[in-house]
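What follows is one structure encoded as structure tokens, with my remarks underneath.
Letters A, B, C, D, E and F name the chains as they come in the text, with residue numbers starting at 1 for each one.
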Amino acid sequence: MRLSELQVGDSFTGFFILKNIRNLVTNTGKPYLACAAADASMMVEAKVWDYAGPIGPADEGKVAKIQGVMQEFKGAPQIKVERIRMASAQDAYDLSDLVPVAPMDRDAAYARVESVIQTMEDPDYKAVCLEFLRRHGDRFKAIPAAKSVHHGFVGGLLMHTSYMLETAEFLSRLYAPIIDRSLLLAGTLLHDFAKMEEFTVSELGMVTEYSTRGQLLGHLVMGAQEAAEVCKLLDVPEQKSVLLQHMLLSHHGQPEYGAAVVPMCAEAELLSYIDNIDARMEIYRENLEKIEPGTFSPRIFALEKRIYNHG
Amino acid sequence: MRLSELQVGDSFTGFFILKNIRNLVTNTGKPYLACAAADASMMVEAKVWDYAGPIGPADEGKVAKIQGVMQEFKGAPQIKVERIRMASAQDAYDLSDLVPVAPMDRDAAYARVESVIQTMEDPDYKAVCLEFLRRHGDRFKAIPAAKSVHHGFVGGLLMHTSYMLETAEFLSRLYAPIIDRSLLLAGTLLHDFAKMEEFTVSELGMVTEYSTRGQLLGHLVMGAQEAAEVCKLLDVPEQKSVLLQHMLLSHHGQPEYGAAVVPMCAEAELLSYIDNIDARMEIYRENLEKIEPGTFSPRIFALEKRIYNHG
Amino acid sequence: MRLSELQVGDSFTGFFILKNIRNLVTNTGKPYLACAAADASMMVEAKVWDYAGPIGPADEGKVAKIQGVMQEFKGAPQIKVERIRMASAQDAYDLSDLVPVAPMDRDAAYARVESVIQTMEDPDYKAVCLEFLRRHGDRFKAIPAAKSVHHGFVGGLLMHTSYMLETAEFLSRLYAPIIDRSLLLAGTLLHDFAKMEEFTVSELGMVTEYSTRGQLLGHLVMGAQEAAEVCKLLDVPEQKSVLLQHMLLSHHGQPEYGAAVVPMCAEAELLSYIDNIDARMEIYRENLEKIEPGTFSPRIFALEKRIYNHG
Amino acid sequence: MRLSELQVGDSFTGFFILKNIRNLVTNTGKPYLACAAADASMMVEAKVWDYAGPIGPADEGKVAKIQGVMQEFKGAPQIKVERIRMASAQDAYDLSDLVPVAPMDRDAAYARVESVIQTMEDPDYKAVCLEFLRRHGDRFKAIPAAKSVHHGFVGGLLMHTSYMLETAEFLSRLYAPIIDRSLLLAGTLLHDFAKMEEFTVSELGMVTEYSTRGQLLGHLVMGAQEAAEVCKLLDVPEQKSVLLQHMLLSHHGQPEYGAAVVPMCAEAELLSYIDNIDARMEIYRENLEKIEPGTFSPRIFALEKRIYNHG
Amino acid sequence: MRLSELQVGDSFTGFFILKNIRNLVTNTGKPYLACAAADASMMVEAKVWDYAGPIGPADEGKVAKIQGVMQEFKGAPQIKVERIRMASAQDAYDLSDLVPVAPMDRDAAYARVESVIQTMEDPDYKAVCLEFLRRHGDRFKAIPAAKSVHHGFVGGLLMHTSYMLETAEFLSRLYAPIIDRSLLLAGTLLHDFAKMEEFTVSELGMVTEYSTRGQLLGHLVMGAQEAAEVCKLLDVPEQKSVLLQHMLLSHHGQPEYGAAVVPMCAEAELLSYIDNIDARMEIYRENLEKIEPGTFSPRIFALEKRIYNHG
Amino acid sequence: MRLSELQVGDSFTGFFILKNIRNLVTNTGKPYLACAAADASMMVEAKVWDYAGPIGPADEGKVAKIQGVMQEFKGAPQIKVERIRMASAQDAYDLSDLVPVAPMDRDAAYARVESVIQTMEDPDYKAVCLEFLRRHGDRFKAIPAAKSVHHGFVGGLLMHTSYMLETAEFLSRLYAPIIDRSLLLAGTLLHDFAKMEEFTVSELGMVTEYSTRGQLLGHLVMGAQEAAEVCKLLDVPEQKSVLLQHMLLSHHGQPEYGAAVVPMCAEAELLSYIDNIDARMEIYRENLEKIEPGTFSPRIFALEKRIYNHG
């Protein structure tokens, strides 16, 4: 049972993420808890009347077990909570019921990424990629690629990267005479790895904020720094190290989109396009499923325009 | 023998394109002909002393047979012409020695384009594509895709389009759930067809100017108009006709790059990226071969930056 | 009696347009209807207590007869509805009481437009104009020129076009040596005709949305397409057809304001200025009447600034 | 006889403006004078062999009497001067043969300006206009409106202003309900008056440079300052003085085009459009006469585009 | 006692500024007064039940004595007013408790400004400065430098200007060879003086609006006009007057930030930087005190970014 | 004796830098050497007739001893070389006669920089600064700060940095409550250190090109990388390391001016202003000395405007 499937009047019991938690007092002086309960389908305002604790703002983003009734207040759904407690280690619930998860087989995708790396001709770039996977492989499989805009779900970074690797592989063959395939694949694999450090990720795997380091340095520079460090560790020639750093530093394409330098070789140029294409196609995918065929969406912030679902 | 292979002092005889033709008079009152002789390798200033005609500005862009000596004037090469006459129908010379030609097998590429069209699932878009090939197939195979920027050689439009079709085919599978493959392929095939009408093409197949109609309407609008007309002729449903026109009208991506409307469906979005990628990769290809490995190019106008040849 | 003239406590009966219709339920489980009632003067929130139908969202934008009392809720006016039913064909009410209408004699304005067309020296442009009027004259007289920004009322397109024709007539004489008067007048008359197809217009004549075709192609391209078609039908020389299409395609002046091509002849340049002037003067007119003399307006979105009423 | 009508080999005698004057020495050590001779039709390089003075750089922009022969050097015309001396007060030549002059009857135009001012309803604005004419009427009739871009000829400011007054008059009637006709006419008359102080004008009436004051303050601010001063002198009410100053300060429309403030009343808005229209129409006029019918101009710097002469 | 220190349930009596005053009626028809009470610490919504006057919208921005209880409504603080009356001349309260005041000794700062002026080497610029202080010294000490963005408190203009004078003094010595110290100091002192005329200031010294004159001319142009007038009065040489006017007209640095002309001498260039630095440092100061060390602010509108408090 | 002091006809002997070297052949087949001879005052074209070597393009940028005569060719100075040979280690000439050198005592400036560092309160930032000086102090004293724009002379980086440190010191006291003085001073000292690695510097100390690494990574990122490395080496706390890197990465202020991230703390904000001020003041200094008092410069590329020398 998902929140989005409940009707006004339905009673239910289940596990939900608590958000926007406030301990308040009614006009008549009685304490109550106002919060929102969320699962992967939607978020609903909730009220726990005559409630003085222990749940409070410190439980933001954690899972609670709730028994309640779905009601309506001013035209919007609202939960009247009858019983509530925080979930414990003993509780059995499924993560993917609570937070959105990439619509793909994550293990298969990761295996495919690894096998593409194995085909890289250049031993230096290959070694760098393997070292990065060794260091960060587990988190790479898990974290979202963004707070919201696109791929904002568990496994988002893996999904984004693995799709991009497919396109990089294809284009490195189409434009083979001018593309160093290993460089393009390495840059593609690593381009967003530093997002792991740029984001603050909640217990449940969602991005909640940007880290201090992430905001003051940015994932482009952080990624280039780790690439430089790994290259030095593995005795990769300076020229290759610089090219790989250049891929990461320039992958946003234009300074006004955050690139620290503009792409100055064909592989860096391609990487910025491949990144853009996958981001935009995912934005279309996430939005098209909410648009009635034959109609237009409202203005989509990340695209700065409305889009059409031709069905 | 190509102009670029001649040394100062070399005598030669051959066929060349005449450019920048002027009938002038020396300080001492003697008539002479100043012009440039060009083949596919380079263009060299030429002087025909004591020459009063018949060759003159009306022969601009035509082929002449020249016997002369390569000299140097102020550090630049210059041809002293000993004999000159316009080429006639009886003369045997090879077009590809005189003008740059796409570095590919044009017949094979055209056949590949045709076979991709044959795989289109949607009978309407397929019929439109076939009608366009029937109408314009021959010129499509021949004309350049631009005056200079990129693909500015015989067969350039075919080369540009066939590479783009490969990528369109690939991406239509990668993003299959949200892409109408037939629509994407049809838009890709037809996106620049109206360039045939936008350009004025010389006898030798090079773009010399833009046509009046081409400048006042633009190839996006002209392409959409013919698409609309063909769709009506073939009884293609209005909805499909509009989508196909939208693909052509929006393929420059942004108004400031010439798009008449912004892309509003996933296929149109992809088309503008595929177009950009192929244009840029070709600019890299054409420039990288002039850059010493390990060095940077001068500023490239079309890219608004310098690029690096990592060799 | 208009909504804007009612005081808190006033009872009234009248015809109004229903908007934003929702069938809701109170906390105590009773059904009620929430909607807004609008006439040409303003829009007011309304509540029909203990009401379960038949009126519902499907009646959006239609006319209903309402008997009610004007009240106040949280500082804003609100109607307590006592009786409500949808209007029928038998009901007698005046359209101009319900929707805003151009402040001019529409028949006279239309006659004036026709007589200006009759003075055109060029028989081809004249024939094209007459054919457009024959095809679309009735709707041309009726529809608004926009959803809101300016001329967003019944007869708006006619008002906008007829004012512009006056200015075009004047400037074609002032700059006679470089202006083809017939071309300027034809472009001016036809520049926004395709808005008829770009908008979705409600039963009551107001613009409610943009059509799919309108959004995917835009009224500039649609207008040019019909102009091309009519020119072909009437055997207008190609050169004139292209110029007329160019007028329509370029009349927004700059790509970033939606022009498919930039104006490249003096008539097209003038048309874009004439369009802008009339649009801006109408925005001033509509806003000045809301501003106290000697004071400034709030920021006006369409002008990106505040304006001053010097009284 | 004009320079543009001379053929190679023609001998001639006449008055010309000297430009770009340099006293030089040949390789063999002989002094000669290099300069350019200009009349209203064109400018031609000239050489005076074996010439040691007295003419030199100090005579820049002045008139000389020249006897010479038209020759050709490296494909460009060049004058071989046989005799040369500076013109004196006794010499009879016609200014309009030497510098370009507005193609209109300047006295009639000035009279028309005066008569329009006489029709102004508002006595204050009228008095201000008359005072400005009294102070600057003579120079107003004479100076160009620009160094080159448009109206860069004797009488240019008068021509520009008188055309604009026609349009202002027309639009003040079309939009009568929201336009204070006197304010619009006054702003139009005075908008560029301070150019008289912004330019440095040569003996022959052409703009040679911008004055220090002109560059540091700009003609918008200088115009507003004199308007404020004249208003105070004539006891014009503060409110009217401020509005008139606002017209002058904002007439470039946008900050990036030099407006000190953006137009905030309908009259100021109109003025900036009227100014633009007349400037652009004059740029078209000056360029169209150089373009073959049916062809495009080269890129015109002031318009940032090519234009088409449809003949 | 400040509003920000009160807890829910606290009773209090004090003087507050009234804002957003509305005389309303409850659902049951009883009149009441809704307003906000503000002091220098915060603003709180307030309700006076069963109240029919005399206090009403005309008292906006004035001081009232209020006896009430702090309550909470929908999670936000709200005052239940028990007694209220407007303050009279006899009431003793401290202005700095009610409105924010510059965190500095204003008399000392003003004295320091005067003593810096006394050190100016150039007698003309010095005389102009002294005349401006003589005319406007009192208001200069009192008014804010802005409505909100930065220095939006009593004494704000003095604080802003005196900090800038310190920096101007320092930089005039560091770059002594190219800086006219007197010109830089004079421009700095006077750059915002016309804000006194640009703002409408409330009884309590806060900026409530922009004046008509202020909006139509701007403080740059108004300042330059008064500078020109004072220079003429004091027989300052024209060249110095123009330079000083240029300083004021250009101090926003770029046309898009409101500069009437761009800075064209080193002093004007410096002034625009000094102005920017002090404005930005004050925005940081005002915001940093609201940010927890080690965290980021929300997006700050005036900076178009978030900022970090490193503690 | 400097080149700029020679008159036509003067004979001279001296040391000069060779530039733009070409081994050419006359029309009559005789070899000659064309090059330019430069000293700190200017660069003059030179010809060595009947010269077949050994000097050639490989000697670009090196010093030669030349005996010759100053002549004039087409109005420009030209040297007729009589004797030429490359300089050897035994030759005694003064560097500052050949290349421009900072107009300051470099040893004193360096000592002052060191003493400011010694006053830093924070031991970590101080240690980082000292380590950077230890590593790069010598080159820091020598290299220019740019190829041309400003400070393009020997010692330019030291001059730029030492002036900035003065201003940083001053502003850190003026805005003491919100500025960490040590952080600001450290960021100021190190902000351009990586230019040493970004430039390719000639034997004579002038910037000839950008290095590959410099162009692909940029001096902002390279500087931050070395700062990170040094911080790790010296066990500087992570928080301080990140702040220092942020200073370097953001010191260009805006992405479009090359900042990898925007400044997000007050010290980074100040640094970008201090950098700008010193750069602009130096551009003024270098240009003002070429402008006649009371006149304007031609358009200065780096400032995008003309400037005025008020003398």
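Note that contacts are C-beta pairs under 8 Å (C-beta built on N, C-alpha and C of every residue); 3 or more make two chains touch, one makes a residue touch a chain.
Note that the structure is predicted; figures quoted are calculated from it, not measured.
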Any chain that touches chain F and chain C: A, B, D, E
Starting at chain B, fewest touch steps before arriving at chain D: 1
Chain pair with the higher count of C-beta pairs in contact (E-F, A-C): E-F
Interchain centroid distance [CA atoms averaged], chain B/chain F, Å: 44
Rounded Å distance between chain A and chain D, as computed from the means of their C-alpha atoms: 62
Sequence positions of chain E contacting 2 or more other chains: 212, 215-216, 239, 243, 264, 296, 306, 308
Pairs of chains, among all present, that meet the touch criterion: A-B, A-C, A-E, A-F, B-C, B-D, B-F, C-D, C-E, D-E, D-F, E-F
In the complex with chain D, residue positions of chain F that touch it: 8, 72-73, 75, 294-296, 306, 308
Contacting residues of chain D [partner chain F, same complex]: 22, 24-25, 27, 34, 210, 212, 215-216
Interface residues, chain D side, partner chain C - complex: 163, 166-167, 170-171, 174-175, 177-178, 180, 239, 243, 262, 264-266, 269-270, 273, 276-277, 280-281, 284-285, 288, 296, 305-310
Residues of chain D defined as touching chain E within the complex: 212-213, 215-218, 220-221, 224-225, 228, 238-239, 242-243, 245-246, 249, 255-256, 258, 260-261, 264
